[in-house]
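Sharing a structure here in C-alpha cells format.
Letters are used for the chains, namely A, B and C, taken in the order the chains are written, and counting of residues starts over at 1 for each.
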Amino acid sequence: MREWAAKHRWESILIVVLAATIVVNVSLSPFYLGFGNFVNLFWLSIEKIIVVIVMTFVIINGEIDLSVASVMGFSAAVMATLYEGGEMAFVLAIVIGIVAGALAGLLQGLVITRFGLPSLVVTLAGLIGFRGAARVLLEDRSVGDFPEWFERIGQQTLFGPFPVALVLFFVGLALAWIILERSAFGRKVYVIGNSADVARFSGIEVDSVKMRLFVASGTVAGLAGVLFAARVGAVQGTLGETYELDIITMVLLGGVSIFGGSGSMLGVVLALFTVLNIRNGLGLANIDGITQTGVIGLLLIGSVLVPNLARRYRLRRPAPEAMAHGPP
Amino acid sequence: MKANKRRSRVLGPLVVVALILAACGGDSGDTTTTAGEATTTAAEATTTVAAETTTSAAAETTTSAAAGGEAVEITAGDSITATFLPKCTNIAVFPQANSGAEEAAAELGSDPAEFVGPADCGDATGQIEFMTNAVTQGVQAIMLSNNSGDQLDAPAQAAADAGIPVVTWDSPIPSATGESVFVAQVDFDETGQVMAEMARTILGDDGGEFAILSAGPDSANQNAWIAAMEEVLATPEFENLVLVETVYGNDVAEDSVTAALGLADSHPDLELIMAPTTVGIVAAAQAMTQEGLCETIKVSGLGLPEEMAPYVESGCAPEFALWSFVDLGYLAYYVAYGIATEQIVAEEGTTFIAGRMGEYEITADPTRDAGLRVLMGPFSKYNAENPGT
Amino acid sequence: MTESAVAEAAPKSTRFLRPERVKEATLLAIIAVSVLVFAFLIEGYLSGRFFNRVTTSVVVVTLLAAAQALVIFSRNIDLSVGSIVGVAAYLTGDFLAATGQGPITAVLVAIVVGAVLGSVNGLLVAYGGVPAIIVTLGTLALFRTLLSIYSEGANVLAGDLPSWVLEFNNVTLFTIAGFQVRLVFLIAVFVVVGLQFALARLRWGRRIYAIGSNPSAAAQAGLPTASLVFWSFVGSGALAGLAGFMFLARAGTISATAGAGLELESVAAAVVGGVSILGGSGTMVGAFLGAVFIDTLKLSLVRVPEVSEFWRDAFLGILILAAVILDTVLRNRFNRRWSAEARKAMESTGPSAVGMARMAGGGGGTADA
C-alpha cells in the first residue's frame, strides 16, 4: 500500500482530496447521499467527461486541443441542420454530424503536422472558427423536436438507473484505459509526449500518431455534441461554449503534465470524480456558478503548487531545479 | 417603484373590494383554494377577450378580475424552501429581481429563496444543473428565468413530476413543459408598441432612419420584442420610421460600443439607435457621448434608470422604458408561494392579490401555444421629467 | 554557456532583413490590402472618421496584446488578462465614484491593481513552479469569482463617475485633415514603442527573449530567470490594469463580467502579430499590428451588410489560421537560409535558438517557467 502510494503520489493525493470532498458534502447536504444524485452527478456533465477521456491522450502526447467545445457545437449544428431540412433519415444526420467532428479534427491535425505549427495556436483558431461555423449553420435558431427515441437516449435510463450516455462513458473509459496503458499505441503516445525527436529517432511515426489523436478528439467531441443534443433536446449555435476550460482542468488536475509525457488514466478518473463531486456539493449547498468555477480554479493551481512546495521543503532545497535561482 | 404608485392609484379601490371578498371566503389555505376555483369559469370568458387585444392587456386584466370578483389574497403561512434561478447572477437586473423576491418572502414570513444561477447568461446547462439540484434538494418552489430555448424542458418536467411548482418570470419555457405559470413583466407585443412609440416621439412626425442594437442573435426575448416592433412599424401610423439595420452587441459592453459606432458610420442619416437590452442601451449612449454624436443620433430602448441617468441629463437618451425588476421578483415570489402553499391553483381564471402590488389574474398565454401567464406590467417611461432616480 | 552566448538567441539588430521586420511588413501589407478591399465594399469607408474609430477602439486590445506578448516572449502565457481588465476597471470605477479623483490617480490605481494581480500570477509561475497556462487558467476563474463576490451583482454606474471619464476617449490632441490623434491612442502607441525599445536595447529585455528561446540554457548561464519571469508577469498585469482603465473610460458602466473573453482576443492579436507562442521571438510592434488588424476586421465586418452577424467568428478563425500558416512558411524560408549562415558563424555555441524552438514545438508550445 505504502509502496503504491509512493509510486503513485499524485493519485494518492487525489484519493485523499476526493475522500475529503465526499465527507464535506455528506456533512453539508442531506441530499448528497442518494443514488439519484449519484447518477445526476455524472449525467449533468456527461459530455465533458466523455471528451476528458480523449483529451487525456492528446495532452499526454504533448499537444492540446482547445477546439473540442466548438467542435461539439459544430457537429450538433450539422446534425440539427440536416434534421431540420427534413429530407434525411435522422440516423444518417447523426452519423454525418459525428463525421463532421472527425473531419474538423482531421483538418486541424493536418495543419499541425504538415506545417509543424503548435496545436495551441491551431486549435485556438479552431475554437473560434468552428464555433463560428456552428453559428453560421443555425444562426439564431434553436432546433429541437427530435424523434422521441433520440431524446430517450439522452434522458432515459438504459440499464437500471443508468442513462445510455453514462454507460457509453464507462465503456469508453475502460477501452481508453487499456489502450493508453496496455497497448503499443499508448506507449507511443507517452514516448512522443516525452520527446517528439527521440520518438522520431526511434522510428515512431510521430505525425501519424498525432493525426490519429486529433481525428479521435474531433470524433469524440462530435459524439459528445450529439449526446448533448439528446440530453437537452435542442441544439443552438452556442451549444457547449467554454466547456474546453472545464475539460482541460480535469485532465491537468489528474496529474497529466501540460508538457506531455506523463499522467495516468487513474489520476484523470480521480480528478474527474473530484471535480464532479465538488461541483455537485457546492450546487447542493446553494453556491452560485461563478463561485464554483473559482473553487475549481483554485483547486487547479493548488494541485500543482502544493506538491511542488511539499517537495521543496522535504528536500530542503531552495527551489526545484526547473526554476532555480542562478548562482550568486 | 414610481411605476407602482401610478398603478396602485388605479388598483386601490379594487384591492379593497377584493380584500373584503377574500376575507369572506375565509383565511385558511383550503377554503381560499375553493374560492379561487369558483372564479375560474366566470373569469374565463373575459380572459380570452383580454388576450386578443394585447396593447393594454394589463388594464383589461384588472377589469376582468373585477368582473370575476373573488380574488384570493395570498397571506403569510408556513415558511417554504425555494430556489430563485435567474438567467445568470451577474447582470444588474437579476439581483434587483431577487431583492423583490426577498421582500415578498419577508412579508409572507418565509425564508428567502436561494439565489443561485450560472455565471454566464448563455449557459443553459448551468441552469439545468441548478434545476436538477433544486429537485434533489426537494425545494417547494422554483422561480426561473429561462436563459435558453427548450433545453430546460426535461429538468422542468422532472420538477413538475416531483410536485414542485416551476414559476417562470422574465423569460418563460417556450413549450411550457413542466411550467406552472409564467409571470410576464409586460406583454411582449406591448414592448414592440412602446418601442415604436418612443421612436416616433424622438424622431418626430416626419420620421427618419433608426437602427436596432440588440443583445445576441439568439436572445429569445429580444427577438420577440423586435418582431413585435416590426409589426407595429408596418402600420401606416409609423410609415415614416425607417428601420435600416439590426445589429448585435452580445450584451457585452465592448461589442455593443463597437456595434453602435458601426451603425453610426454605416448610416449617415441615422437619427436613433433603439436598444432593447439594458447592456446595449447604456453602451450605445456611452458610445455616442464619447464620439460627440449625441446631437445627431439619439438612443432609446429598454434601460435601467440608474444606469441611464447621465445620458438622460445630457439629452443623449431623451426617453427609454423599462418595467421594475424588483416588482417582477416580488410578484414571482408571491405566485410561487401561493401555489406552493396551495392558496392558489395555477389554472386559467385564478385571481389573487399579491401584497402591495394588488390583484392579478392567471390567463392563457397569448404569446405561446401553451402555458399560463400572469401579466405584471406596466411599462414605465423615463425621461427628463421622470428620470427614475 | 555565457550570458552573451545566450543573448545571441535574442533578435540582433545588426542584420538588415530580420524575420521580425519581414513579418511586420507583411502584416502591414495585409492590413493595407484589407482596408482597400473594405473600401471597395463599403461606401464612404475611407475617411478620417474610420481612422478615429479604429484608433480609439484598438487601445484596449493593443495594451492587452502587449501584456500578452511580454509573457509569451519568455515562453509563458497569461490567460487571466480578461479577468484582470474586469477587476481593474471595476475597482478603479468604484474608487472614482467614491473619490472623484482625476485621470492620473485613476490610471495609477488601475495599474497598481493590475500589477498586484499580475504578481499573484508571477509568484505562482516563477517561484511556485506551476506552469503559466495552469496558473492563469486558474486565476482567470479566480479573479472573476472574487470580483463577482465583491460586486454583489451591482454595476459601476456611469452616473456616479466624474464627468471626465465619459469624455476621456474623445480627448483629441490635434487633428490633421479629419484624422484625429487622440490621447488614448497616443498612450497606447507610447507604451508599445517604449516596450519595443526596452526589449530590444536593455539587458533586461534581451534576457526575457533569452529565457523564451531556451529556459534551461538561460538558467545555466546564470540569468535570474525566476525574477525575470516574475517581473514580466507583474508588467503584464500592470498593462492589463491600464487596459482596464481604458475599458472603464470606453464602457462607462462596468459589470462584474467586464472584459470576459478578452484573453483569447489578446492571444490572437499577439499570434497574428508574429509573436511566436514558443517564446523567444516576436516584437511589440508586431503585437500592436496584430491588434490593429483584428480590430480593423471587426470594425469593418460590422459594416459589410453581406457578411451576416454569424459569419464573423468563422471568418476570424480562418484568418488567424492563415496568419500563422503564412508566418510559419515565411519563417521556414528564412530559417533555411540563415541556418546555413549560422552554422558557419557559430560552430561551437551549441544548438541554435531556432533548433531549440523547433524541438519545443513538439511540446505543444505551452508555457514553461
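Here, a residue touches a chain if its C-beta (ideal position, glycine included) is under 8 Å from a C-beta of that chain, and two chains touch if they have at least 3 such contacts.
Note that the structure is predicted; figures quoted are calculated from it, not measured.
Comparing the CA-atom centres of all chains against that of chain C, the greatest distance is found for B.
Interface comparison, B-C versus A-B: the higher count of C-beta contacts falls to B-C. Here the CA centre of chain A is 29 Å from the CA centre of chain C.
Averaging C-alpha coordinates per chain places the centre of chain A 38 Å away from that of chain B. For chain A, the set of residues that touch two or more other chains comprises 135, 139, 237, 290, 293. In chain B, the residues that touch at least two other chains are 89-90, 119-120, 217.
Touching of two or more other chains is recorded for residues 144, 148, 256, 310 of chain C. On chain B, the positions that touch chain A within their shared complex are 83, 88-90, 114-120, 122-126, 128-130, 132-133, 136-138, 148-151, 153-154, 216-218, 223.
Note for the complex: chain A touches chain B at residues 29, 31, 34, 36-37, 40, 44, 135, 139-140, 142, 144, 151, 155, 231-234, 236-238, 241-242, 279-280, 283-284, 286-290, 293. Residues 42, 44, 49-50, 52-53, 56-57, 60, 144, 148, 151-155, 157-159, 163, 166-170, 247, 249-262, 298-299, 302-303, 305, 309-310 of chain C are the ones touching chain B in the complex. Within the complex, the chain B residues that touch chain C are 89-92, 94-95, 119-120, 217, 245, 247-248, 252-254, 257-259, 261-262, 265-266, 268, 279, 282-283, 286, 289-292, 306-307, 309-311, 389.
On the chain C side of its complex with chain A, the touching residues are 124, 126-131, 133-135, 137-142, 144-146, 148-149, 219, 221-227, 229, 256, 264, 267-268, 271, 277-278, 308, 310-318, 320-321, 324-325, 328-329, 358-359, 361-369.
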